[in-house]
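For clarity, chains are labelled A, B, C and D in written order, and residue numbers in each chain start from 1.
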Amino acid sequence: MNSSLAADQTTALVYGHSAEALHIICLIIFVFCGVKALFHKDLKKILIYSLVGLVVDVRSLLTIDSPFAFAAFLFHVFNFFVCIGMMYMAARALEKAVGSNSLDDMRGAGRVVPRIGIPLAAGLFAMMGLPPFATFFSKLVMVSAFIDAGGYVSPTLLAAGELLYFLVFIRVIKIVFLDRYKGSPLQDREWKNVAPLYGLLVFSVIGGLIPQIAVKPFLPLAGLMGAPGYGIPPLTISWPLPVLWLMAGAAAVYYFGRTSNKKAGLLSSLVCLSAMPTLLLSSAGVYGLSFAVLILFMATLQFFYSVSYMEHSHHQYRFYTCFLIMISGLLGVSLSQDIYSTFFFWEIMSGWIMYLALAHEEDAFSVQEATKYFIFNYLGAAFLVVGILIMYDVTGHWDYGKMAENFQYTERMAFAVLLLTIGFIMKAAQLPFRIDYWMHPKPAPTPISGYISSTVLKSGPFMMVKIFFIASLGATATTFLPLDLIKHVSGWIGALTIIMAASFAMLTNSMKRLLIFHTVSQLGYVIVGCSLMTSMGLAGGLLHFVNHMFFKNLLFLCAGAVFISTGTDKMDQLGGLGRKMPLTFICFMIGVLSISGVPLFSGFISKWIIYHAVMDTGYIGIAILSLFGSVLTLASFVKFMHSAFLGQMQDRVREAREASWYMLVPMSILAGLSVLLGIFPGMALMPINSMLVDFNLQPLQITISSVTDGVDSINMLFMLAALSLGMGVAGLLYFLTRTKTRKTHVFVCGVDDLTPEDSHVSSVNCYEDAKKIIKGAVKLMKKTIGLKGDYVER
Amino acid sequence: MLSRYAVKSPWLFRINTGSCNGCDVELATTALIPRYDVERLGCKYTGSPKHADIVLVTGPITARSESYLIRMLDEIPEPRVVVAIGICPISGGVYRDSYSIRGPLDKFVEVDVNVSGCPIRPQSILDGVAQAIGIWKEKIKIFHKA
Amino acid sequence: MAQFFTIALRNFLKGPTTDPYPFGETYTPENYRGIIAYSPELCIGCGTCEYVCPSGAIKLRHHESGMNFSYWLSTCCHCGNCGYYCPTDAVFNSNDFHTARAQSEKYDATINDDIASVQCSRCDAMIPRAVDALLARAYDEITDTVRHRASLCPDCRRLEQFERMYL
Amino acid sequence: MITLSASILAYLFFPGGMFAIIFGLLLLGMERIAVARFQGRIGPPIFQNLFDVIKLRTKEFLVPEDATNRLMFIIAPFFGFGGMMTAIFILPVSGVYDGAGASSDLVVLIYLMALPAVSHIFGGSSSGSTYAAIAVSREAILMFAYEITFVIVLFTVALQAGAGDGALFSLKGIVDYQVRNGSFVHDLKMIPAFVAFVIFMLATLEVPPFHIAENDGDVMKGYYMEYSGMPLAVFELTHALKLLVLITVLQIFFMPGLAGGSIVVNLLWYMMKSAAIVIGIALVHASMPSFRVDQAFKFLMIVPVFLALLSLGLVLFL
């Protein structure tokens, strides 16, 4: 008896061990093939290594002997082989066309022979598991199979492992597609012998868009093997109408926009404008709807601006299409009702479409920077995948409402909420140790970098608030300690980011890099506000969310206008632009005043609410850091304003002309909004109040222009009256003295042979002492934490 | 008219056109050392010609400093008084016949008060400033009539 | 830094040591080299002062009826050479430091005296008159003969000398 | 709620515009006399600063021709002046004027105090002069350095006045709290905060230990360099108002004790305290040489911040 008992134990032991051993072996092979593929020169060898690695990876799925895992295995393998076949055949065709199989000869060949290139690119993107292809769902199902098996360490490892293969494929895409082709002319293949490739491509895309049909055949198969009935999670995606409208618009722009940039730009801005009425039909709550309205409003301005910005660029229609699809992804994130389709649209928003839009200039620098940002986004998505699937596994529902109802407080759920918070905070680029990875790339065209900074990054805090709301709603019974801890820690991360990003902004010398740093620091404010989850805190955070959207986009558009008219992004080559571009200067000044929180401008009121909220909850440290942040912001913008717009006129600026009215109209609209929201914050606070009611926090007592918090209140109209009365008195003093005015030289002790270059204090020689201290802190950080540090100058 | 009070705060501005600094040391002492405190009269040394009311010019206007002097004189707002300090600006002083000086101050600007001496005594500077204030008062009236 | 505070407090308690000049008298040392004082009756027209004046403030012009001593304050560097070398102390520095003048008075801040020559008591040649201060330097005491001889022109004095010796 | 006409009256005449400007100029004059007396000289008449302003009115107004933005150059002084007039209107004087009701708030105070520096920066950099540009960069660094101290001291006072149940942000509340149970200056925990706030005051007012942005030695008149005539007068008035605002804030934070029942007595007591503070500032002014900008930056980032944090710690944990 005991021998059989022993036998069982041994078999269990052996079986247990062998499963364990198998798992480890798979992991080793997986990593080995990945590294080999990463550094190999020959295209076919790279594909073979990655094939072996991923198959082994899928094999480890079988170590879990649940029918769900087996169904996931079958579904994944099927999709996997569809893509591998397509990619492999396309690669062989390309090698035959180019004549050699080493990667360097194929540099840029993909674009020269598009008929072979498209299936190859599609295969590569599919292998990465990005949305429009079926492998996106099969990977999702694979990870959920692991999670279903109980562990949550191995799925995270798996998701991180995917990053290794992502690097392999992105390297191939970068070389084959985004480079200049210098070789001899290639001969493209006719349609008929390329047709099977396109058949596979269409099959994979259909599987990606309508996953429930693709999954249906595999469910009974799983039933054959073990206990039937336990199926793969419902993969139905709900497509909101505005998203479809925008996608259709993107196709229209791609088709009609080829002729002229003006037509393409105006068409795409019309598409966004016309998408607004379709919002009325969608059933999203006021929170999602108001974000959607803002997205579309900003998009119309952005496209109207880029009509004249992209004038001397190339392939504008391709840029507009990718931009529109990215916006449709963002719209999907804001409107979708369940977390699953939110993640689907999230992947569309920060997937390869954004990569193509960011690398639009196609010079080496912009491709390299865009790749870095794409890698960072993919890593963020890995966190989200695991978090979402754990939440589904615990609550059993995708839909937000149902998820909140049967939300149980288990430590796995705490881990899921933590992962999701990390993913969303990473999207908002907090604690930027390597700004070129954390944030959207500098050399990308200004319309898209302005739009990402002001609107796309907001999806991070937007979703974070939703998750916090669900967690806090669900865990009413027991005080969900980890949630308070997560909220407190994310508050501290926000506060530290404010100081860190603003002090790095002091060091940098390029306009766009400075604005990027300030986006991160202002997002720190939003996260500090939102992570308090009190009514004041959330209201402050969301108001800053809206204000920041307007004044940050305004500043980016001004920087773009300056870039177009002077041709340089370096601040120290500019000087005295205020005279040549007065309107741009006025808009820029309004942006600076609102971002540094000067009263009467929009930045002030939201910061006021955030400070009160933080002080009410008693976090003194966060309050001090965030208050200090606004002075840092003002100091770095003084540097920007002085060295670019004021001071002596440099010769590069002599022939600068005022921006065209295509640029000026959006800028002045945003400037007007910044001032309007500064004086009448009620306009934005009314919808925010209704959101607070949705999040069942009690709304603020506000009027159109004042906010009251307990005993003290702030009334912006009163401030406007007081300040303008004071300025009126000063004006009266001016008016009393009708003395003559006379133009004279600037006083430099009478010396008259100084050239403007010598006498202009540019951004390089501003604040040496503050820079010394910040550089010292960065060196200290490198020594202690060992990170490569601020990466500021490029 | 406010000129009665405006006259009580003359701001002084020093221009050194190649002087041997003897007069400049005297000018400095009138402001800084407690003994000859020019602030009693409401005077204050300003750093910029744009704030100047009474311009104290020292030095025999050497060739190099001629262009600087012309530019700086143009940067001084109108109701102003020019005081030549020491004999050099008045007549070239001991350097009168030298090749490198461009002659007395009157050739460049309409001087109002001459305080001669080499170097001048702080008390005579106070004399000069008091006299300049008198002239300045007339100028303010004329300036505001025009 | 502490001793600065003590000095400041001591000054505060001691009260200001400002010289009340424009509104009251000020101390002027008696040998302060101020504006030149010139007494024509002592001047013998030797021209030493013109010669030693570094800034050319003193000009001595001879004209038919005597000499003209002119001095322009605006170029006088108050060095005191003239007072030092003048044999008869006709020129010396007074301690009058009030040299501030309006621009209109720029060219009349001068001393402009004529010293008339006297006629020789024997012939009608015009000679600069002798001044007791000068004679006092040459002779111990000035007797009538010395005074008589001083009133003769050089030719007459030679004639008189010849007459006295050989006649 | 104060009626509209009363508040306009308060804004323009009594504790607001006219009184504040005259009293501010008087205080500046007093400070100049005190400095002179500390240096052993007589010093100017008491209303010297008023005469300066009147004289500036008679001057011609010069605009640098290569100033990049004439409009900005002319308008720059307005921000500072408007900010300070509003700040005066908001600040309650114990026993005399109880602030502008609900909106006399600490956070508003921080941003209003930054407005004069903002107007200096705009004016200086739009004038196109190199000296002004250097002064602007120094002003921005110093502002960035001394703002930490102000923020920490502010929170310390707010917490101390809040007495445990969160921070009390309204200035009127702070004054009432101190009137009720003893002003903070007697409270030992708040002494380091008091010293830190005085250092902040010296730095904001550019009084010699921190006379850097318009140091006569190197940048002469700093950001005022290109100004003459009326804008310069507005800057002088802003400086006078700023001195008064800082003195009032010091009294609100640390010594708002009442001297008696009627308004007149309290007003005189308030003026006496202000005069005493000004004499103290003059003492430091007369006996301290100025820092270089990097020395000042290091000093401001270490000493007052440490003192303020010390008293913050004491208030929080004691």
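Here is the rule we go by: a residue touches a chain if its C-beta (ideal position, glycine included) is under 8 Å from a C-beta of that chain, and two chains touch if they have at least 3 such contacts.
Keep in mind that what you see is a predicted model, and the values were worked out from it rather than measured.
J.: Please identify each chain that touches chain C as well as chain D.
T.: Touching chain C and chain D alike, sorted by label: B.
J.: Per-chain C-alpha centres versus the global one: which chain is nearest?
T.: So the chain nearest the centre of the shown protein is D.
J.: Compute the centre of every chain as the mean of its C-alpha atoms, then state which one is farthest from the centre of chain D.
T.: Relative to chain D, the chain whose C-alpha centre sits farthest away is C.
J.: Please report how many Å separate the Cα centroid of chain B from that of chain D, as a whole number.
T.: Between these chains, centre-to-centre, one finds 35 Å.
J.: Measuring from the mean C-alpha position of chain A to the mean C-alpha position of chain D, what distance in angstrom results?
T.: From the centre of chain A to the centre of chain D is 43 Å.
J.: Round to the nearest whole Å and give the separation of the Cα centres of chain A and chain B.
T.: Each chain's C-alpha centroid was found; their separation is 65 Å.
J.: Suppose each chain is reduced to the average of its Cα coordinates; what separation in Å results between chain B and chain C?
T.: Here chain B and chain C have centroids separated by 30 Å.
J.: Do you know which chain A residues sit against two or more other chains?
T.: Answer for chain A, listing residues that touch two or more other chains: 740, 742, 744-745, 747.
J.: Residues of chain D that contact two or more other chains, please.
T.: Those would be 36, 39-43, 57-62, 225-226, 229.
J.: Could you tell me which residues belong to chain B and also touch two or more other chains?
T.: 34-35, 37, 40, 48, 50, 75, 77-78
J.: Return all touching chain pairs.
T.: Pairwise, the chains that meet the contact rule are A-B, A-D, B-C, B-D, C-D.
J.: In the complex, go through chain D and note every residue touching chain C.
T.: Per the touch definition, chain D meets chain C at residues 36-43, 283, 286-288.
J.: Which stretch or stretches of chain C touch chain B in the complex?
T.: My answer: residues 11, 16-19, 21-22, 26, 28, 32, 54-56, 72-79, 97-103, 106, 109.
J.: Mind listing the chain B positions that touch chain D in their complex?
T.: Where chain B meets chain D, its residues are 2-3, 5-11, 33-35, 37, 39-40, 42, 44-48, 50-51, 53, 75, 77-79, 140, 143-144.
J.: For the complex, give me every residue of chain B touching chain A.
T.: Answer in residue numbers: 48-50, 65, 67-72, 74-75, 77-78.
J.: Any idea which chain B residues touch chain C in the complex?
T.: Touching chain C from chain B are residues 34-37, 40-41, 87, 90-94, 96-97, 106, 110-118, 120-121, 123-124, 126-128, 130-131, 135.
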